[in-house]
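One chain, subunit A, appears in both complexes that follow, with subunit B as partner in the first and subunit C in the second.
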Partner chain A sequence: MKGSFRQSMAWLHTWSGLVFGWVLFAMFLTGTASYFRPEITRWMEPETGRPASYAQAAQGAVAYLTKTAPDAESWSITLPDERQATARLFWRPAPTPGEEAPRRRGRGDNRAVLDAATGEPVSPRDTRGGEFFYRVHFQMHYLPVLQGRWVAGLCAMFMLVAILSGVVTHKRIFKDFFTFRPRKAAQRSWLDAHNLTAVLALPFHLMITYTGLVTLMGLYMPWGVTANYKAPETYFEAMFPRAEEVERSGVAAPLANLPGVLETASEQWGGGRPWIVNVSNPGDASAVIEVTRHSGDQLAYAGGTLAFNGVTGQLISATPEPGPAVLTNRVMYGLHMGRFADPILRWVYFLCSLAGCAMVATGLVLWTVKRRAQLPDPDRPHFGFRLVERLNIGTIAGVPAGMAAMLWANRLLPVGMAGRAEWEVHSFFIAWSGMIAWACARPPRRAWVETLSAAAFLVAALPLVSAATTSRNLVSALLTGDWAMVAFDLTLLALGAALAFCALKAGAYRSAPKPRRRTRTEEAPA
Partner chain B sequence: MSGRVVRAPLWQRCADVAARAVAAIGLGYLVAALAAAALARWLPAPRLEATMIGSLASFAIFAAVAMWAFAAREAWRVWAFGCLVASGLAVLIWLSLLMEPRL
Partner chain C sequence: MILTAAFLMAYAGFAALCLSMTKHQVETVGRRLVPREQTLAKAGGAAGLGAAFACAVVAEGWRFGSVLWSGLIMLAALALTLLLAYRPRTAARIAAVSAYFAPLLIAAWALVTFIGA
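Let's look at the complex of A and B:
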């Protein structure tokens, strides 16, 4: 490009930010919510109870599976932790002779959800829960999964480029830490807000973007693997070593006491928590129990797996310690997922991530604010300007509104409705596109106020909707000491208030008079 | 960019941006992928480790190429130099495959 390195980087920052900005905003906001994935799932499944100890849940799970699927080829139990109220089970039935073996990951109907405390099966309403925000955050929706992941990867890659070029653009990065001029000309305030949210949490933004790419590295960058291994399976075996599969002996033998086995596993890990339990050949003399460590126990996401003799409960083998590079990969994965984070650190994650949303949003707004002053006729902007402006409004107000709409649908759709979970998801996209349509139909200033107010209402009214439609409400959560659900309702109120504040500010906003002299481009990277 | 008094015609500027964008995405990915493979082959570490280091580093390489694609003075330089680097990496990978086959 003509001009200095910094100027070309400012250009790159502006345009990569704009082109990918809307999808990035949605990815960032749904990703932010995903730090509270278990809590969102609990909220969306009001039929479920309270978290309980994993040992208690394991006992219930074994009792259920022994009754329901005694001669299965294998059982898998995902144990609850202090944030989850249910244990999730699935089993692989023994293959009938002559029939083709079912696909390894095929779960079909062989699954159950058990209450963590009682071990009784619960049937929560048909919902994707927090899982939807988590999934849509990296694989989109209405697109084949792999294509969606490539879209997310491209966006993340240009997020990385936008961050790096933004840093280059910024010559006063340290000074801007302390600069916020809310009463200065509009462009300055927006620029300051953009810089503040970006610079304050810059290490987080860089970390989350890079580690986000790393989580799907196997899809995006398989070429190192291809260069070293003829078959990907060889690589996977080296990367994820598993105990060898054993044939069923045909000799019946009772399963070892699972809570006892989990106790031993926990001791092996110095007090670590078990998470996924896999039992092959249950009820047979050849049974093996594999216990995988909780992914939130350490910074590294994969905590290792121990294999036990399924009859005697003796430890047979443990996955080997990973090398430094593999460990680095797992730590990056763990950093992105944030599951290791204790409540306070999790809130820091959440707030930094919200700052990331604000960074993307203010950057998008800045694009229009900066250009409006330079329009030949600010009352009749050209098509591109109008498009960006409307998409900004429809997305910045529309994504939170859509997320809230999904929670409304979760409470209002009839529990027995066919395709209920899918309709919850549709309501997210219906509300978002509705907001874009609204933004197109109204004058921009009014559209900002109205869409933001609507979003604020949708979010802040949720505790009331929940109280009116289910037994879950703020008072009962307070009385029973269910602090996660108390925090959930209060957070919804706070987020609603924040959106209402934005709506108020948008209403009071007066666009700056046309500056007499054009501001120098190098000062304003937008 | 706006630094010049006389601006190039619109189509020329569009073609310039398009050439750089395709280089940033396409060539950037190619160089990053080849670099990941070359590092996986040549790093003096166990195979799994070398593979991992190459893959982890590839996104930084991608970002660097993408930024350079827009920073370079002329778009053709990006393509010329980028293809040169890519073929250099390809030769390195080919040489290592001659010396030691894949697992």
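Let's look at the complex of A and C:
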């Protein structure tokens, strides 16, 4: 680690990138997929229908809840937006006399999923849907949630270290701004590819890493809260104020027209969309309707809540506008989540994020490419080199293969199977570790080609698997104009083609070792 | 329409900036540029990126527009660099076509928005 500032930064960049690179690659790729979380959920729940307006869904939800749980203590309705096909309901039953403080979360029988358009209950297969990719992206799996978040935070922190030290290390950011020389020596072109994906999308990488840390800053740096609030609860109350709990009056009164209330709320927000509706004491004269704004309406990831009289439908109160610090935090949160993005911007997010995956992957490959040239005997590398090489292959091909395997499991596991959702998740990790095992068992060059081909097949065959096992397929989606699902299948095909292209390139690379050696001697004096 | 114009402007802008660099001149236009042309290319590049920003803000407002612009220029630069590596001449031709069509698209958009409505 001796030497100039730039040399020590290069050292830091190399090793922070390598040690955390594999986890970071998985975090980046699952995070990339999370920009399409609702679409993935829709794909994984083929029993559900099409998105519909929130007003339509609200009407269905009220009708269902009035019939099913008329005397509940409260109802909670998560309305669909234009990307979701279901409304998710939850109700808290009235406490039976003698039972103290009801449990915060109800059991399965206090929940329902309704079709957004018809308001009829639907029972989608047991799956975690796009939620899994989102969760695993920042809290891992098979670990307690908080520990997983600490692991993610550590990785993100070193991602930030790697980005900043990388900027220092890269001597020719502006001179090489548009430079990519795929036909040059291996080390040169891998370095170019790494620089290209890193530098050109640098604003995105910096933003996403920094804001990612900010989303969990309360966990990593709790001292601001502990220094200013005696009990953590008072902090949460200040951050997320809730309406006072009102006692049931015992006087029956019909609930105000919910779609009308939602319209008033939307007007209050200048056309914003309602998202979560909470009704306390439904059917009682003391009923209160709280409407929370869609978190994707503004750059800031928080909408605020309006409270309405549940009988007359009149606005009672609104959560105060957040102060500058809270607003800053929420804008960062919003920038990270990208929920405000319209379809075009969402694709921009997705592509920039894919560039991030490519940056991590090319960085990992570069580590081995650089060192292979310096090995005393390139045919018999030492253990550390072999380990890195195999983990690279097993992860770069294994994570996409694992994600595809999860979608395969979603279609192939029996619908009534016990623990189905968990087994879908297991299949992600089984496929990933299978790829690592495969990479260890085969000679590296063959392993690259084989694992990438397998991943390409797993991804690209998904539209066919879906067509064979469910009523969802590309043709019917095209005929009914379900463009989200059309785009989903086409994206799978494109990603499969990209993986197949990588496999082809890896195959071609093997047959041309000669020029590599020649350029190595050329570059040696430099 | 106007977002397509924003992307084309960003692409043409980066292509002009790229053209102002000595190392990319021969591969894209076949000759070295004289200093005056280099200055022009630089100014044109900045103007292209600025015009892309204006388009994004007009389309999406200040907040979302600036986020969108950041994303669009990143993708435009990636597209240009990849194209430059394999088909430098084509990259330059596409830039010229973009610089030509983007103002037309903006004009068409303005016509539809201000007169059509």
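Basically, the second predicted complex is superposed on the first by the 500 of 526 C-alpha atoms of A that agree within 3 Å, B and C clash if a C-alpha of one lies under 4 Å from a C-alpha of the other, contacts with A are read in each partner's own complex, and residues count from 1 in each chain.
By definition in this document, a contact is a pair of C-beta atoms (placed from the backbone, for glycine too) under 8 Å apart; a residue touches a chain by one contact, two chains touch by 3 or more.
Bear in mind that the values here come from a model prediction, so they are computed numbers and not experimental data.
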Exercise. Which of the two partners, first being subunit B and second being subunit C, lies in contact with A:Asn473: first, second, both, or neither?
Worked result: neither
For this session: Would you sort A:Arg181 into first (subunit B), second (subunit C), both or neither based on which partner it touches?
Result: second
Exercise. First (subunit B), second (subunit C), both or neither: which does A:Asn278 touch?
Worked result: neither
For this session: Identify the partner contact of A:Thr226: answer first if only subunit B is touched, second if only subunit C is, both if each is, neither if none is.
Result: first
Exercise. So, A:Ser286: does it touch subunit B (first), subunit C (second), both, or neither?
Worked result: neither
Exercise. Who contacts more of subunit A, subunit B or subunit C?
Worked result: B
For this session: In the overlay, answer first, second, both or neither for which of subunit B and subunit C A:Phe204 touches.
Result: second
Problem set entry | In the complex with subunit A, residue positions of subunit C that touch it | 3, 14, 18, 21, 23-24, 60, 63-64, 67-68, 70-72, 74-75, 77-78, 80-82, 84-86
Seminar exercise, completed: Per the touch rule above, subunit A residues touching subunit B in the complex are 1-3, 5, 7-9, 11-12, 154, 157-158, 160-161, 164-165, 168, 210, 213-214, 217, 220-221, 223-230, 234-235, 238-239, 323-326, 328-329, 332, 521
Seminar exercise, completed: Listed in rising order, subunit A residues that touch subunit C in their complex are 175, 177-182, 196-197, 200-201, 203-204, 298-299, 335, 340-342, 344-345, 348-349, 351-352, 355
For this session: Please give the residue numbers of subunit B that touch subunit A in the complex, ascending.
Result: 1-4, 20, 24-25, 32-34, 36-41, 45-56, 58-60, 62-63, 66-67, 70-73, 93, 97, 102-103
